[in-house]
Amino acid sequence: MGILTIVTFLPLIGVALILLLNQGENESEDKIRWLALGTSAVTFVVSLIVLAKFKTGVGGLQMVEQADWIPSWGIQYYLGIDGLSILMILLTAFISLVSIAASWTAIGHQIKQYYIFMLLMEIGMMGVFLAQDLFLFYVFWEFTLIPMYFLIGIWGGKERIYASIKFFLYTMAGSLLMLLAILYMGIKGGTFALPDLIAGRAAFADVQNILFLGFAIAFAIKVPIFPFHSWLPDAHTQAPTAGSIVLAGVLLKMGTYGFIRFNLPLFPEASVHYAPAIAVLAIIGIIYGALVSLPQKDVKKLVAYSSVSHLGFVMLGIFSLNEAGIQGAILQGVNHGLSTGALFFLVGVLYEQRHTRLFSEYGGVWKAMPVFSVLALIVTLSSMGLPGLNGFVGEFTILLGSMGAASLGPNPWIYTAFATTGVILAAVYLLWMFQRVFMGPLDNPKNKALRDINTRELTIMLAFLLFIFWIGIAPSGYFALMDSSVAELVSNIGTAVVALP
Amino acid sequence: MPDVTIDWYVALSIILFAIGALGVLLRRNAIIIFMSVEMMLNSANLLFVAFSRHLGDLNGQVLVFFVITVAAAEVAVGLALIVTIFRTKQSINIDEINLLKG
Amino acid sequence: MRVITYFFMNAFNLAPLILIFPLIGVLANGLVGRRFVETDRKTGEVWSGWFGSLMAISSFVIAALLFFSLRSQEFHAEVIYLFDWFNVPSAGFRIPWALQVDTLSVTMMLVVTGVGSLIHIYAIGYMHGDPDFSRFFTYLNLFLFFMLILVTGSSYLMLFVGWEGVGLCSYLLIGFWFDRVDETGHPMNATAGRKAFVANRVGDLAMILAMTLTFWTFGSLEFNTVFQSAVELFEKGHMVEFGLFSASLGSVLTAVTALFLMGAAGKSAQIPLYVWLPDAMAGPTPVSALIHAATMVTSGIYLIVRSNVLFEIVRASGSLILGVISAPDLVAYTGAATALLAGMIAFTQFDIKKVLAYSTVSQLGFMIAAAGMGAYVAAMFHLITHAFFKALLFLSAGSVIHGMEHGHHEIAHGDHHDDGFDPQDMRMMGGLRHKMPTTYVVYMIGALALSGIVPLAGFWSKDELLSHGSDNNFAVYLMLALAAFFTAFYMGRQLKMVFFGEPRHAAAEHAHESAPLMTRPLIVLAALAALGGFLNLPYFTEGMAAANQHKPGGIFLGLEGWLEHSIQSFELTAEGVLHMPHTSVVMSRSVAGLSTLLALAALAWAFYGVYGKKPKTADERDPLQSTPIWWFAILPLNTFYMKGVIPLFNRLAHWLGYALDWDFWHDFVHNRLIRDPFVGFANFAADILDTQGVDGLVNGAGKTVRRLASVIRLSQTGYARNYALSILLGAVALVAYFLLMVN
Amino acid sequence: MGNPIVFFILAAIAIAAAMGMLTSRNAVHSALFLVLNFATIAVLYIVLNAPFIGMVQITVYAGAIMVLFLFVIMLLGADKLGGVVGEDKWQRYLAGFLAVALVVVFGIVLAQGGGVDTGTATAIDSSPAALGMRLFEGYVFPFEVTGVLLLTSMIGVVVLGRKKRGKDA
């Protein structure tokens, strides 16, 4: 059994152990929590082992595991990792660990089921990033919906049923088109293995625009690209804190990852063909998301819309179709996971104490919770893209990519200029958010009783901050991880697209 | 007098299978339904052995061996279930057992 | 002895310390300072404040060591590599964290750490008793840290780190008293900080675009590489090509430099982005002195001076923006216009700090204009002297405010009854020269230096700048000369209103001198403001200049001789690329004479003319209030932004957020247009649905599924027989299909 | 593949026994008919050159399994619950139709002679020894799994058959 299988299915052991425990007594509730935390911690450690075994100079797949699954259809159990997915694996392991730790006191009922779903979620996400067989990928892709559906539907806010069903059906509807595209290619190509399909992509070159769209819509809904974002504010606001963290941290990245992993290498000409259109949607998303964030009355909704804006940057980077753009996009995916995850966590800390997320209820919190506020400030700044913190690194690399993007025609600077306005707008809405919560007079008596951050929360935040600073100050190691794979991907696109100079 | 070909065995097997199926569908007594299932299994076994002979392939017999084993296990568990159900419902009438109703 | 020599002459390895010291200060004050101050106020303040100041002083020492090291190795610049920051090998994008130590950056380091140290010490006295004492010093040290990154960075990207970092500190310090509210209950300080940050971000947009463009043009963002390849490309006359983009070097650099101007306009408060600086006065006064007068706001000038090669290439290439004006000229005109406009707005202010704030905007305009004209050394010269006297003025103003507050405190006897008293309102002051003699003297020196009176620092720097203007760009010269006249006038007005006449408020009568901890740094700064001009004295006569071959020598042109190792301006002539003089080597007597005359006239006019007898009471109208000059109090951009752009923006955001995204897209399109017909169809088809409470397209689908299921579930009788039957049905159908149809 | 006369006799007995099982009102009779059916089939196995399977059929099916059935029938006293489905006549008709349809379909196919290859049978060594070798050469793992399955079902039966603590007793 290879290490990738282990890292994917390790949480199953935790699930099994939790199943054996009785629910109800306080003692076993704690046992469940510790078990879940321990399992995800071990998974995180294993993911670090994967990192240690990972060879940076290699562009292709590593640690490949391949076995027949349904041979008559050419479906394989095919796992592999490369520069495009290594960071996603680490992010998944990290976010899962953190979100389980973050649920410690926030979840009060049906604890057993809750942690089982969290661990199942982790399996699904790992599988999505590791599967190299389209069919296997699809199975994992759909599998992630189920735990998230329950996480929102059972432990969510007031409108949780509405939000969970909307989340489920919205993403499901998108994936159906992808399933059709996958089946078409798999049956025509006789295999579902991604590397084989890429090698034989000439076979379906004539319909690649349609196939591209089939995949693109599924991923676009997941990302979400404007105008497919309507499910996001509902899901984010209704999900429990940990659900939001996972949702923003990893689930959205599945969409952007899908574009990089499947759309670009499978349909290079179509990618170039659609690049300007997607870039325009991405830029609309950047500006629109930022503007819509501004007047929100609910903290979580603001952060949710800000995701639309941030993910716009990621999409722009991907469809720059050059090394800087794509690497920036991958890294920005990670950054968004960290910053927004941390923001959701912070909101959760406040919510646990005050049971409201309305701005009007807050103000001057800095006076009551100084340490918390400083941490929140750093995270806000990271989300805003302050140089020296992680957000800037990704954003700048993306903008660098888009400025030099051949895929965006002879005047890529127009795209870049519009995208960069997001930098201003991010400052506008994030500072407005920060001011409404933390600054001003502490005049709501309920806020005076707020306790500052406790050790558990501080530990979680420090874990976030470690990466926020690390990526911000010394990201070269992160780039080194993906460089070869991205270079190979880009040259792969380049050789396929003769039109490109 | 024609030679006995594989066709004859197929025919016999199908008839037995059909009778078994009828038993499952028509009888109310759970135990008899169970016996009918066994008969359907047997008809399949018969076909296996016949084809094994016909094609000169021993694997068919191996498979029958496994089927018999599984059938034995199945009967054991199935009968235990029937006993348990009888204990709670005081009946083995299949029409009174609908715990799976949606 | 040799060790010491080595130590002094080769301090380059110590350069990282200049960043590390402030960082230590940040960590110390940030992590433990609060607890320290809270346990024992008195000693805690001493420790916290002096530790922060000590870190600033240490940085100053390092800067001084670097200064000597540079001298000892003949001004040869060094780049000290620390570690990789960006490294994207396949994209060829590699930016290290590295420190550029050359004469230009060391100049900035000295100014920043020198003035910074004094202000740190002053702040120990000024912030005494503030509940967030240690937080203040954390911010100050953090600011120092970022400012030093800005000036020492070896690449545009590193400069940008400092650029944004100081913006952040500015935001934090303006909003230092973030819980203070105005009459309407609005937290004005927090809002002012936000305004500063957003205005700066507008400039940052330009910076990011400029940097990405620079990278694709030259393949690097490091100063040395960029400037070298810029000159090479220019000499070869190649086109710039990347991706499908293609343009001439001149037009690309025009875009880059114009974007740099926009960046500088944000940070250095130029038209059209100056509006944040006056509001920034909401921060504590040491902050206004350090950040919003002496150091941070000058980083725009530093940027332009640093990029002098690019600006000069644009000038030489003859590329115009939209065929109208070249980028360096635009810089010059922007600066001159700002100098003039801000000078006029300063007339109309009553807040002692706001006058100084607009004055700062105006003086920054001088520097920008100088840089735009190619007078880079003059710009830097004015930057340094301005740092001295404007820091002095702000700190003295702080001393005045402090004195007024104490006076008010005395008369109020701890009774916090507010009678509309504002310690910063000049109308409530008057006659303070008797109450606060030290402050009065140093303020006077600062004001005269700013007005450009011989032989104080401001005279020399402003004069150098003006004479360059009269040689190269007469329109700019005229605007600047007029601005200089205004400068003297509003300073005269301020002096008169604050220190002369009779006290117009009880608080002013009871004001008294500030503590020595505050006044001593003032005296040091006053000395610098008086003597700063000697940094770069011009030759007084043509003969003296000729004797030295028009090169720096002796006490003359010291700064020029120092900076020419970093500023490599050149112009294109028939012979090729030539070095160009940065400053007028010889003093222009006509320019100097005229500006001195104008300054004296303006001072006198303010002192004895307009404000000769007025105002007598605190609520008297200003004599200028009925003249057109007063329009500038409301007309300029600030009103336009606050009343026009921002409400419009907010309304747009609100409309997008609620009307478009929620009501239209979320509710109407998804619910009415997609869900309802869908559900309606489902109702019709299934005929057992009710239309109550259906919600959302997806809900509709969900409910449809559920309703469909409620029909289908009837088939799930739970009777094993029914299941068996259906299995058999399927089996027979399949068998029939395979056996009959397939054959 | 055997003497036609033998085949017909055995087939007739098997079908008759099956019908008997289907129609008996008494469950004990049904079980006995089934034993007869199994025994007939065992003979057919032997005719088909599968002596080992035939013996297993006798011992396991006709012996062990059917004894178990009888045992349960008597234990529960359920021998009198006879008859067929009462209310839903359509089910009865449908079931009958399907059974006939199944037979008819195969009948058609067989009549057309297109169903299976009707070549001559191949003789192979199917002695118990050969079967054993095949079992242990190619099917060791399934064999082991079968063992586990039996063990599992045994445990399952024990658990199911055990009286619930504190409920019945």
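Residue numbering begins at 1 within each chain, and the chains themselves are lettered A, B, C and D in the order written.
Following the convention adopted for this analysis, a residue touches a chain if its C-beta (ideal position, glycine included) is under 8 Å from a C-beta of that chain, and two chains touch if they have at least 3 such contacts.
These numbers were taken from a predicted model, which means no experiment stands behind them.
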Practice task
Provide the labels of all chains in contact with subunit A and in contact with subunit B.
Solution key: C
Handout entry: Closest chain to global C-alpha mean, per-chain Cα centroids
Key = A
Completion exercise
Of B-D and B-C, the pair joined by more C-beta contact pairs is B-D
Exercise for the section: Please identify which chain has its centre, taken as the mean of its CA atoms, farthest from the centre of subunit C. Expected result: D
Practice task
Please report how many Å separate the Cα centroid of subunit B from that of subunit D, as a whole number.
Solution key: 5
Handout entry: Rounded Å distance between subunit A and subunit D, as computed from the means of their C-alpha atoms
Key = 56
Handout entry: Centre-to-centre distance between subunit C and subunit B (centres being mean Cα positions), rounded to whole Å
Key = 87
Handout entry: Centre-of-Cα separation between subunit C and subunit A, whole angstrom
Key = 35
Problem - Numbers and ranges of subunit D residues touching at least 2 other chains - result: 85, 91, 95, 98, 102, 106, 115
Practice task
Two or more other chains in contact with one residue: find those residues in subunit B.
Solution key: 21, 25, 95
Exercise for the section: Send over the residues of subunit A in touch with two or more other chains. Expected result: none
Fill in the blank from the handout: Pairwise touch list, complete, is A-C, B-C, B-D, C-D
Exercise for the section: Under the touch definition given earlier, write down the residues of subunit C that touch subunit A in their complex. Expected result: 30, 34, 83-91, 93, 97, 157, 160-161, 163-165, 168, 171, 175, 178-181, 187, 190-191, 194, 197-198, 201-202, 204-205, 208-209, 211-213, 215-216, 242-246, 255, 650, 652-654, 656-658, 661, 665-666, 670, 695-696, 698-699, 701-702
Fill in the blank from the handout: The answer for subunit D against subunit B in the complex is residues 1-5, 7, 11, 14-15, 18-19, 21-22, 27, 30-31, 34, 37-38, 41, 44-45, 48-50, 52-53, 56-57, 60-61, 64-65, 68-69, 72-73, 75-76, 78, 81-86, 91-92, 95-96, 98-100, 102-103, 106-107, 110, 113, 115-118, 121-124, 126, 130-131, 134-135, 138-139, 142, 146, 149-150, 152-154, 156-157, 160-161, 168
Practice task
Under the touch definition given earlier, write down the residues of subunit B that touch subunit C in their complex.
Solution key: 21, 24-25, 33, 94-95, 97-102
Handout entry: Partner subunit D, residues of subunit C touching it in the complex
Key = 721-722, 725, 728-729, 731-732, 735-736, 739-740, 743
Exercise for the section: Quick one: which bits of subunit A touch subunit C in the complex? Just the residue numbers, please. Expected result: 162, 165-166, 168-170, 227, 230-231, 233, 288, 291-296, 305, 322-324, 327, 363-364, 366-367, 370, 374, 381, 386-388, 392-393, 396-397, 399-406, 408-413, 416-417, 420-421, 423-424, 427-428, 431-432, 435, 438-442, 473-476, 479-480, 483-484, 486-487, 490, 501
